[in-house]
Amino acid sequence: MTMSYNLLKGKRGIIFGALDPNSIAWITAERVHEEGGKFVLSNAPIAMRMGQINELAEKTGSQVIAADATSEEDLENLVKKSVEILGGKLDFILHSIGMSINVRKGRAYTDQKYDWTQKGTDVSAMSFHKVMQTLYKNNAMNEWGSIVALTYMAAQRVFPDYNDMADNKALLESIARSFGYFFGRDKNVRVNTISQSPTPTTAGKGVKGFDGFISYAEKMSPLGNATALDCANYTVSLFSDLTKRVTLQNLFNDGGFSNMGVSDAVMDMVTEN
Amino acid sequence: MTMSYNLLKGKRGIIFGALDPNSIAWITAERVHEEGGKFVLSNAPIAMRMGQINELAEKTGSQVIAADATSEEDLENLVKKSVEILGGKLDFILHSIGMSINVRKGRAYTDQKYDWTQKGTDVSAMSFHKVMQTLYKNNAMNEWGSIVALTYMAAQRVFPDYNDMADNKALLESIARSFGYFFGRDKNVRVNTISQSPTPTTAGKGVKGFDGFISYAEKMSPLGNATALDCANYTVSLFSDLTKRVTLQNLFNDGGFSNMGVSDAVMDMVTEN
Amino acid sequence: MTMSYNLLKGKRGIIFGALDPNSIAWITAERVHEEGGKFVLSNAPIAMRMGQINELAEKTGSQVIAADATSEEDLENLVKKSVEILGGKLDFILHSIGMSINVRKGRAYTDQKYDWTQKGTDVSAMSFHKVMQTLYKNNAMNEWGSIVALTYMAAQRVFPDYNDMADNKALLESIARSFGYFFGRDKNVRVNTISQSPTPTTAGKGVKGFDGFISYAEKMSPLGNATALDCANYTVSLFSDLTKRVTLQNLFNDGGFSNMGVSDAVMDMVTEN
Amino acid sequence: MTMSYNLLKGKRGIIFGALDPNSIAWITAERVHEEGGKFVLSNAPIAMRMGQINELAEKTGSQVIAADATSEEDLENLVKKSVEILGGKLDFILHSIGMSINVRKGRAYTDQKYDWTQKGTDVSAMSFHKVMQTLYKNNAMNEWGSIVALTYMAAQRVFPDYNDMADNKALLESIARSFGYFFGRDKNVRVNTISQSPTPTTAGKGVKGFDGFISYAEKMSPLGNATALDCANYTVSLFSDLTKRVTLQNLFNDGGFSNMGVSDAVMDMVTEN
């Protein structure tokens, strides 16, 4: 299962959002490490207390810097320290951050508590703008660097239980395009999002009916659901020099689901009833 | 120029955002009136002081109710009073509300002041959720009613000067889809957005380089830019019974721009240099 | 159920593909007639022998002209005679033509007989180019005229039983955009496609598993499947002056299916198993 | 400039369409060779006579098999011999084939000669179906193999000079999705298209106004046009195990053009006039 091609040798970056070994960001950090990349791990102070991020740091020879990704001050500190620690400007960033209080508290989409909604938007989407603005203003990215955020197809199509996270992801993807233009034009840096299959992470498991949905997605996708490792590998390819002029894109890593209308396997389930 | 087909006879609604005779919402109100629809006009208290909305109210036999579209309380009052005044549940809603302080103050997209950004998001996008949530909870829409919000192609593609309004529009369109699902499933109400050509409204004129951009869009679009009247007519068709099962859609009213890569007219301008 | 707004008063056109009272084109012809439009009906010679088109002609005061829509000669004759009969240039065209021999004969998509495939492409997609080229060369459309072809979402997403008709529809939609540019630029004529819910027409009924699929689509769509009458009404709106600057678009008339990832109703069916 | 990561070690394939050192397929063959992949080169008999493919074959240790990609018989022979020569089933396929007689002969899109159009469709799009059907029926692909075809954004948006190639590319992309479903479901093989920036290949140079267009695309794209080498690298990533669950996708390798509305550089050109 382990591969190494030295695709990221000499590259430096920051990986946000590794909580535990089920996290996509965790597995991506392992893969980036195998490919020769060096990085700083960052997470929200509260997530770090609950998480096992120090294990990952040890395993990958990384340092951990806590940062609330909605705080410009924390991000400023993170970016500056990361450049210092890693010994130069950055080549890659992974943003894997998302949270909805409305989802957590079981509040219906048609009955939002708007200060919760706003908090979710700030954490899940605006944080990506803030990360990029901090990098941009500090001129902290190397030319042909690569910034990736994780997203979900609910940004394009309705998945009722995804609730206000759908809107947060749509906003996140728009921010990727908008900022990607300026980061491309001014710094030759690419910005993309990966729209990943539903993945049984610790965060995902909190969503109502998630198991049934994973199985539905599996049956809809001609190649089955993309795993967290598949996502880590795809991210490695986007951090590498193989994809230097891919930018402003939302890239589906989903076994084909996004372009399915219906599969034979789903039709079979439906007509059995 | 004036047409009347009685397409909206017996229908009731609310029209948000008529500021002055250049506003799309203003012209839509006139067209809806010609087509036999009755409505309440609403605008932010501050916009109303600057605007000439009373003229429009008089011309169309409408009442005006001030409402801050970010205030749940104001919207609750507006919806309840509208149903009372118009004598029954509502059939149509036009949301034509948008504002970016970053744009107004000339703040670059890569140098956002985030409390301004958040205010813009609240006014331009979350207000649409709040309007729909108020209507939904008050069960204020008739079956087969139609809700329309105005948007712009910057939600899909980069127009650098559009700044954070691009992201606000992406969020707005996502909210249309997300809420549209529940409004369709539970109340048989459709929700769509119209993505309009750049239009020389009083609001639009504030955007940097807007005249040059209008002329570029004109040259890119095989049928030229859609006017405010074109938009009003399209909105009438979406409020009418001719489009009962069109929902969750983002509909381009733009002379074809959205599906252009390049036009001969633009290539001519570019190669003359 | 019957409506009339005089939306098409004084307008002239050609309607292709009315086979029997279940046909979308048939119902559209009835609605266009109610709205005051005059037209010539056309169908392939063989379809006309099987169909009941003369009933429709009588009911709507129309003449019928047989034309093989893959024959430039037949189309030339049709267009010239239509202008003559109707007393002037044309304002609207409905293309509702499609056929796959591979589907009819139960040939799998992975085992195509390519001369059948080519015949299907010619009838289902290239015929639309030929119709437009004939109209364009004969300068037979009035300014602000409207050309509509019917299509299906299989052009964007996979519906396995749709077989090679999916590819034909993708080609058809591309032709609409490509020709729409020239028709817009040179003649101020709009060209759009309507992507309709699966509809129980006589043609549709031939597709394997069609009933199960209709029921699946119904459950996926927040407003349910759009009916043939809904499609006729939508087409009327696109032929009318309400949509003068809508062009190059593929417009979904599908109760919202196209923007659904999954509905609660489908998840219920799937998790019951 | 040369990189090698051993990404394709042990993988076998067929590369269609290498004409001369400017061809994307040529450069891809070189990169695949550097990455450890083995392959057969194939081209149309007539293209081979004009081309320098034997140089490439020598350089990469490959054999050349002539095949008319519209002939099922030729493809059958090619696939069988390739498996034999390479010593096992195939892991990757590159389809880089396209041709329009209407373009070559300067025939307008509104004045097509339809037997030329049909020939172009057969060569440029149906050939891809035929290649896949031959592979599928001969069970010639290994699990997790990867099939890639090159396409262009004219499939989604209008580029007037691209003529009927736009429609051919739309058909090609649809075939990728449609066949991709069956190849995924039945053989765990992925199928994708890369939508590449305009590239100054020998074929591209034939298109009217191509130089002006390349320069326009360069100015529209925040990272500039993707080169043939960029395309080769992206293709390598799609052939590799890093992208195992990416399928049915159309992937833009275009410096960001596809998601641009307008760039500052283009606005500058336009407003100078």
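Should a chain be cited, it is by its letter among A, B, C and D, assigned in written order, with residues numbered from 1 in that chain.
By our rule, contacts are C-beta pairs under 8 Å (C-beta built on N, C-alpha and C of every residue); 3 or more make two chains touch, one makes a residue touch a chain.
Because the structure is a prediction, the values reported are computed rather than measured.
**Student:** Going chain by chain, each one touching the next, work out the least steps from subunit A to subunit D.
**Tutor:** The fewest steps needed to get from subunit A to subunit D is 1.
**Student:** Farthest chain from subunit A, going by mean C-alpha coordinates, please.
**Tutor:** Centre of mass proxy via C-alpha means gives C as farthest from subunit A.
**Student:** Taking the mean of the C-alpha atoms as each chain's centre, how many Å separate subunit B from subunit D?
**Tutor:** Computed value for the inter-centroid distance: 42 Å.
**Student:** For subunit C versus subunit D, what separation do you get between their C-alpha means, in angstrom?
**Tutor:** 32
**Student:** Counting only residues that touch at least 2 other chains, which ones in subunit C make the list?
**Tutor:** Within subunit C, the residues that touch at least two other chains are 157-158, 160, 177, 180-182, 222, 248, 256, 259-260, 263-264.
**Student:** With touch defined as at the start, can you tell me which subunit D residues reach subunit C in the complex?
**Tutor:** Against subunit C, subunit D makes touches at 72, 109-112, 114, 117-118, 121-122, 126, 129-130, 133, 136-137, 155, 157-158, 160, 164, 166-167, 169-171, 173-175, 177-182, 186, 248.
**Student:** Can you list the residues on subunit C that touch subunit A in the complex?
**Tutor:** Within the complex, subunit C contacts subunit A at residues 153-154, 156-160, 209, 212-213, 215-216, 219, 222, 256, 259-264, 266-267, 269-273.
**Student:** Spell out the part of subunit C that touches subunit B in their complex, as residue ranges.
**Tutor:** On the subunit C side, the touching residues are 3, 5-7, 177, 180-185, 188, 190, 197, 221-227, 230, 233-234, 236-237, 240-249, 251-256, 258-260, 263-264.
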